[in-house]
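Shared between the two complexes below is subunit A, which pairs with subunit B and subunit C, respectively.
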Partner chain A sequence: MNSLKVSNLEFKYGKVEALKNISFEVTEGLIGILGPNGAGKTTAMKLITTLYSIQKGEIFLNDLDYKKDLSQIRKMIGYLPQDFSTYDNIKGREFLEIIGSLKLDWNKKKVVNHVNEIINKLEMNDYIDRKIKEYSGGMKQKLGFAQVLVGDPDLIVIDEPTVGLDPEQRNTIRELFPIISKNRIVLATTHIVEDIEFYCNYLLVIKDGSLIYEGTKEKFIEKAYGLVWEADVDLDTLLKIKTANKVITNFRVSDFSHIKYISKIPLTQNSKKADINLQDAYIVYNNLEGSISRI
Partner chain B sequence: MKKISALIKYEVIDIFRGKLIWIIFFLYLFGVIQVISSMKMGGYSFFTLVGLIKVSWLPLNFIMIPVMLLSMKIGESENEIFEILDISPMEFIISKIGAVSIINLVILSINILLALIFGIFCRVSLGYLFYEMTGYIINTVIFLVAACSVGLSLGAVSKRFGEVIGFILIIIFFMVTCNFYKTSNNIVPLINIRIFPGSFDVISYDKSYLYHNIFWLILSLSFLLITYIYENFKKERVITKVFSAGSLIFLFTVCICLLNGINTNKPDYYNITNRNDSKNYSNDENKAPTFFSKENCGYYIDKYSMDIIINQTLINNCEMDIKVNKKISSMEFGLYEKLNISKVEVDGNAVNYKRTDNSFIVSLPKEYNSEENIKLKVSCEGKINTCWGQGQQMFFLRNNGLFLGDVFEWYPKLNDENIKEYNLNIKYSSGHKLYSNLNGENISGQYKFTGKDREIFLISGNISERNYRNYLFIGNEEYVNSNSKCDDLIKFMEDKKLEDIKPAVFGPFLPGGGKMDMPYVKACFFADDV
Partner chain C sequence: MIKFYFKILNKMLTKNLLYIIIFLVLLFNSIIRLFKEKFIHIPAINDSTMIINLIPNKIYSFCDLYLLLLFVILIFFFLGVDFKNSMEELALSIGGSRINKFMLRKLTIILILYFALYFVSFVNIYTLYLAMLPNKILLTPLKEIIFYSIVTNIFIISLSLFILFLSRDTAVSTSIITAYYLIEEGLWRCKVTQKYGILGHIYQYNDYESGELLKIKLFYLLLALLLIFLTYKLSKRKYIFNFIA
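On to the complex of A and B.
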């Protein structure tokens, strides 16, 4: 069983603290790392992918120490950065083979076979021999997923995988998560909750450089339950609620609105506890500072 | 090595499928067309290898900016995915240099192929081809290495400060180092072709040329090292940092020494363009470029005996029989200012002399009257390396060649129109044969030239001789082997009633030739393109 252990990780950009004493341990499966922009997700990813050197704290991948076994660890990691790009004139297959040659100490034939397996697995045969400049955004991102699989890594790190894609392309990419997360750890950072809503089973939530939640998705939602209310309100009431509280959804129905809002207590007589999803829970985290400690 | 190969492949695939490579190709082709056009003069074409080499900077200058842009693109190339693949900074930079080298090899091969085609088309000998192409290849390599190293370095700059800054720096580098509007003997332009006037030769293989090229090689290496240090200094171990910084200081020190060497060995500007105009020279503000004796100065030289040793310097022990035709107490002779006089004797006694710009004045121990003879001995020694308009090589002296023209004061002379008798013993041990307007013989590097003429010239280098229509033609192989060129020269000599001249030398151009009286009427004709 693959495992990633992070202990007391801290990182500073000059005097600015980007990560504050983060510790967690995860095993195989899709692990979502949620947090608003600037929370420290990408910094954490760059430390885990070895792009940044550890300033303070420890990271172990399958008991290998990042400070001592860097070379070995790098062979075990696949990384898809947020702004994945490559030369446009190269073909997808050529790119994957180059990654294979860079990552693996195998002969050319073995690399070619391995790349073919990945292409088949991700169903990219139709366009893999085209130049990348002819790819759509989704195809390009799929190529990014293909390259992380080269060398069959134990840990895959994916940073904001669906940014800039249209809804259809997003769905295509999301469907790749169960394929790539089989028998390995996949860390996917995102601020778009839908990306991980269906396939993620473990969550890490970072805010202001601190890890504020580590656990299952269900528990995360459960802890936010009771803080989201739903009610039918007229326009005046809606405006009153909006001034002091976060309204998550607002459906206008003839002369009243059906709203979902965040509050520790009900604000109207007809308010009732709402059924919430991961998205709602995440908004609660970002809007109710006081409730975070409760969670 | 496998990683480096993969990274090179990654860069090269993109380059060869990109648009920039086609732009380079078409610009190069345009440059070649311009080169060929430059050989069509006066209504007919005369294709020569030296003609190609003379303007070989043209296609290279045309492709300079796109080559640098291409290198800059490779230099700024980075991919986070590659960074976690355990590739060392050194492997990264080697792969970038490797990718650029492949492009360079292609350009170099095409350039060599072009010269070979010209060589075959012009039917030059292998020795000649090798001699001429050595400089051509060196120039191309230096150009590519320097342009690409600077381009790679600017890639690092543009990564940090933006591509616009990179583009601006490329334009500045091009403006400073291109050959379009200047020729020089210093570090610029990048392609050092100090051509010889006319058809004699193309590239001056001298110390200045050597230092120029080593300078650019080392500077290119320094640029790469600076880039490496700039990008990886924080990541490196202390010992590597110290070694890199030490290497950089060493390279810069060598560059400074080379700059000094270039400066020391660069040719002196020697203007003889308006030589005949200088006869009535009266402006004291400028140095007289040449020396002319005053008319009816009271003495003339009847006979010369010279013992000359030629290697890097000229050592001349010159003895002159001078006839006096008017009462005199001093004499003035022309002598190039860089030739240092060590001894002047009149009738066996040392006498005082005064050096001027390109002459010296001998104070005679007594007054000499008409009909008296004077035996004057002058020993002098010095280096000769001159250029004139647009930095073209003019009179020079080297191990591998020399040109000491008759119009030039390379021995004590009056530049008058009298015919003198000459007896020269010259020790010259170059692999090339030495030619003169005088009759001569060579016994194992010891040349003996005798005869009568107004002045003497000596010429040696990568030149050939050919007998054609009862004339002996001496000069650049491609010129002497061209029937049309030889026919033109014969026609010219016949038109000028100079049929008695049998050895004809295709030598460096004589500036102001149209205005000059005809030299070498006794022995040789000395001509440029006619």
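On to the complex of A and C.
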């Protein structure tokens, strides 16, 4: 069983603290890392992918120490950076062969066969022999997903996989998660909750450089339950609620609005506890001071 | 693997770029061969007792300035492109190595091509000199020419790589190396450095005595090794703090 252990990780850009004492341990499956832009997710990913040197703390992948076993660890990683891009003038297949030449010891037959397996697995045969400059945004991102599978890595890190894609392309990309997360650790960072809503089984939530939640998706939602209320309100009441509270949804129905809002207590007599999903729970986390555990 | 990487490099920036470069360098060599009198000037000797030692400056200017600078700029473009797309991050994080294996392989291919073209050009111009020299003129010993030329190549290539990895920007690196090597060293012949009492890395002989020149070349060889070491250090991680760009 593959495992990734992060202990007391801290990182600073000059005097700016990007990560504050982050610790967690995860095993195989899709692990979603949620957090708003600038929360420190990408910095954490750059450390986990060995791109940055560890300033303080420790990281272990399958008991290999990031500070000592750099070469070995780099053989075990697959990485899809944010805003993935490569050389537009080459073909998709050639790009995968470049990655193959880095990941596997150069044996042309081995690389070609391995790349073909991945192309078939992700159903990319229709366009893989076209130049990358002819790809749509979704095709390019799928190529990025294909390259993370080269060399059959134990840990895959995916940074903001659906940014810049249209809704249909996003769905196509999200459907790749179960394919790539079989028998390995997949860390997917995003600020778009829908990216990981259906397929992730474990969540890490980062805010202002600190880890504010670690656990299952269900528990995450459960902890936020009771903090989201729904009610039918008129315009005046809605404006009053809005002044001090976060309104998650607002459906206008003739002369009243059906709203969902965040509060520790109900603010109207007709308010009742709302059913919530991952998106609602995430908004609760981002809008109440401190973590839900503290609430 | 060399064949595969050559194929990729040949189309990475634009179609058949390396073939175009090979063609142009060979074309220039042919032109030099055809119009040798216009390219190489042999001094006239009036005093029949005097023996002149001729420095083959055209070898240095063609091989160690123009050809070298062309390939340095190619290195900037072929490696520098990885700082702008995702390739540097990918090659480092998944390459299974402490260094950027991908950039190293690309650099190796470019250097192999460079040294092949350098060799052709060197032999072409050197043999022209030999063929055109009258009896009373001696050419600088071949060993000396090769040693000085190699030091220049190693120093300029390592300096260029260091600047590229420090600035992480093709345009910045090209401007710096052009200003330093083409203008300061090539055209101004170390005017600025000499003015401030700093030894210039030069390829012209006339500025120093023979022993001094050897010392300078050895100093720059050591400096080149230091720059290679620093570049290796810079290439191990994604470099966060950008001092120049």
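We adopt the following convention: the second predicted complex is superposed on the first by the 289 of 295 C-alpha atoms of A that agree within 3 Å, B and C clash if a C-alpha of one lies under 4 Å from a C-alpha of the other, contacts with A are read in each partner's own complex, and residues count from 1 in each chain.
As a working rule, a residue touches a chain if its C-beta (ideal position, glycine included) is under 8 Å from a C-beta of that chain, and two chains touch if they have at least 3 such contacts.
A quick note: this is a predicted structure, and the numbers were derived from the prediction, not measured.
**Q** Answer with clash or fit: subunit B and subunit C placed together on subunit A by superposition.
**A** On the shared subunit A, the partners clash.
**Q** Is A:153 touching anything from subunit B or subunit C once the two structures are fitted on A? First, second, both or neither.
**A** second
**Q** Of subunit B and subunit C, which one touches more of subunit A's residues?
**A** Here the partner covering more residues of subunit A is C.
**Q** A:13 contacts which: subunit B (first), subunit C (second), both, neither?
**A** second
**Q** Determine, under the contact definition given at the top, whether A:52 touches first (subunit B), second (subunit C), both, or neither.
**A** Touch partner of A:52: subunit C, not subunit B.
**Q** Have a look at where A:103 lands relative to subunit B and subunit C in the superposition and call it first, second, both or neither.
**A** both
**Q** In the superposed arrangement, which partner chain does A:142 touch: subunit B (first), subunit C (second), both, or neither?
**A** neither
**Q** So, does A:174 touch the first partner subunit B, the second partner subunit C, both, or neither?
**A** Neither partner.
**Q** If you stack the two complexes on chain A, which partner ends up touching A:223: first (subunit B), second (subunit C), both, or neither?
**A** neither
**Q** Taking 57-65, 111-119, 345-353 or 417-425 from subunit B, which overlaps subunit C after aligning chain A?
**A** 111-119
**Q** Please write out, lowest number first, the residues of subunit A touched by both subunit B and subunit C across the two complexes.
**A** Looking at subunit A, the two contact sets intersect at 49-51, 70-71, 74-75, 77, 79, 81, 84-87, 89-90, 94, 98-99, 101-103, 147.
**Q** In the complex of these two chains, what residues of subunit A are touching subunit B?
**A** Within the complex, subunit A touches subunit B at residues 49-51, 70-71, 74-75, 77, 79-81, 84-90, 94-95, 98-99, 101-103, 105, 131, 147.
**Q** Considering the complex alone, what residue numbers of subunit B touch subunit A?
**A** It is residues 2-3, 5-7, 9-11, 13-14, 17-18, 79-87 of subunit B that touch subunit A.
**Q** Tell me, which parts of subunit C touch subunit A in their complex?
**A** Touching subunit A: residues 1, 4-5, 8, 11-15, 81, 85-87, 89-98, 101-102, 105, 237-238, 240 of subunit C.
**Q** Which stretch or stretches of subunit A touch subunit C in the complex?
**A** It is residues 13, 46, 49-53, 70-72, 74-75, 77-79, 81, 83-87, 89-90, 94, 97-99, 101-103, 106, 108, 144, 147, 150-151, 153, 157 of subunit A that touch subunit C.
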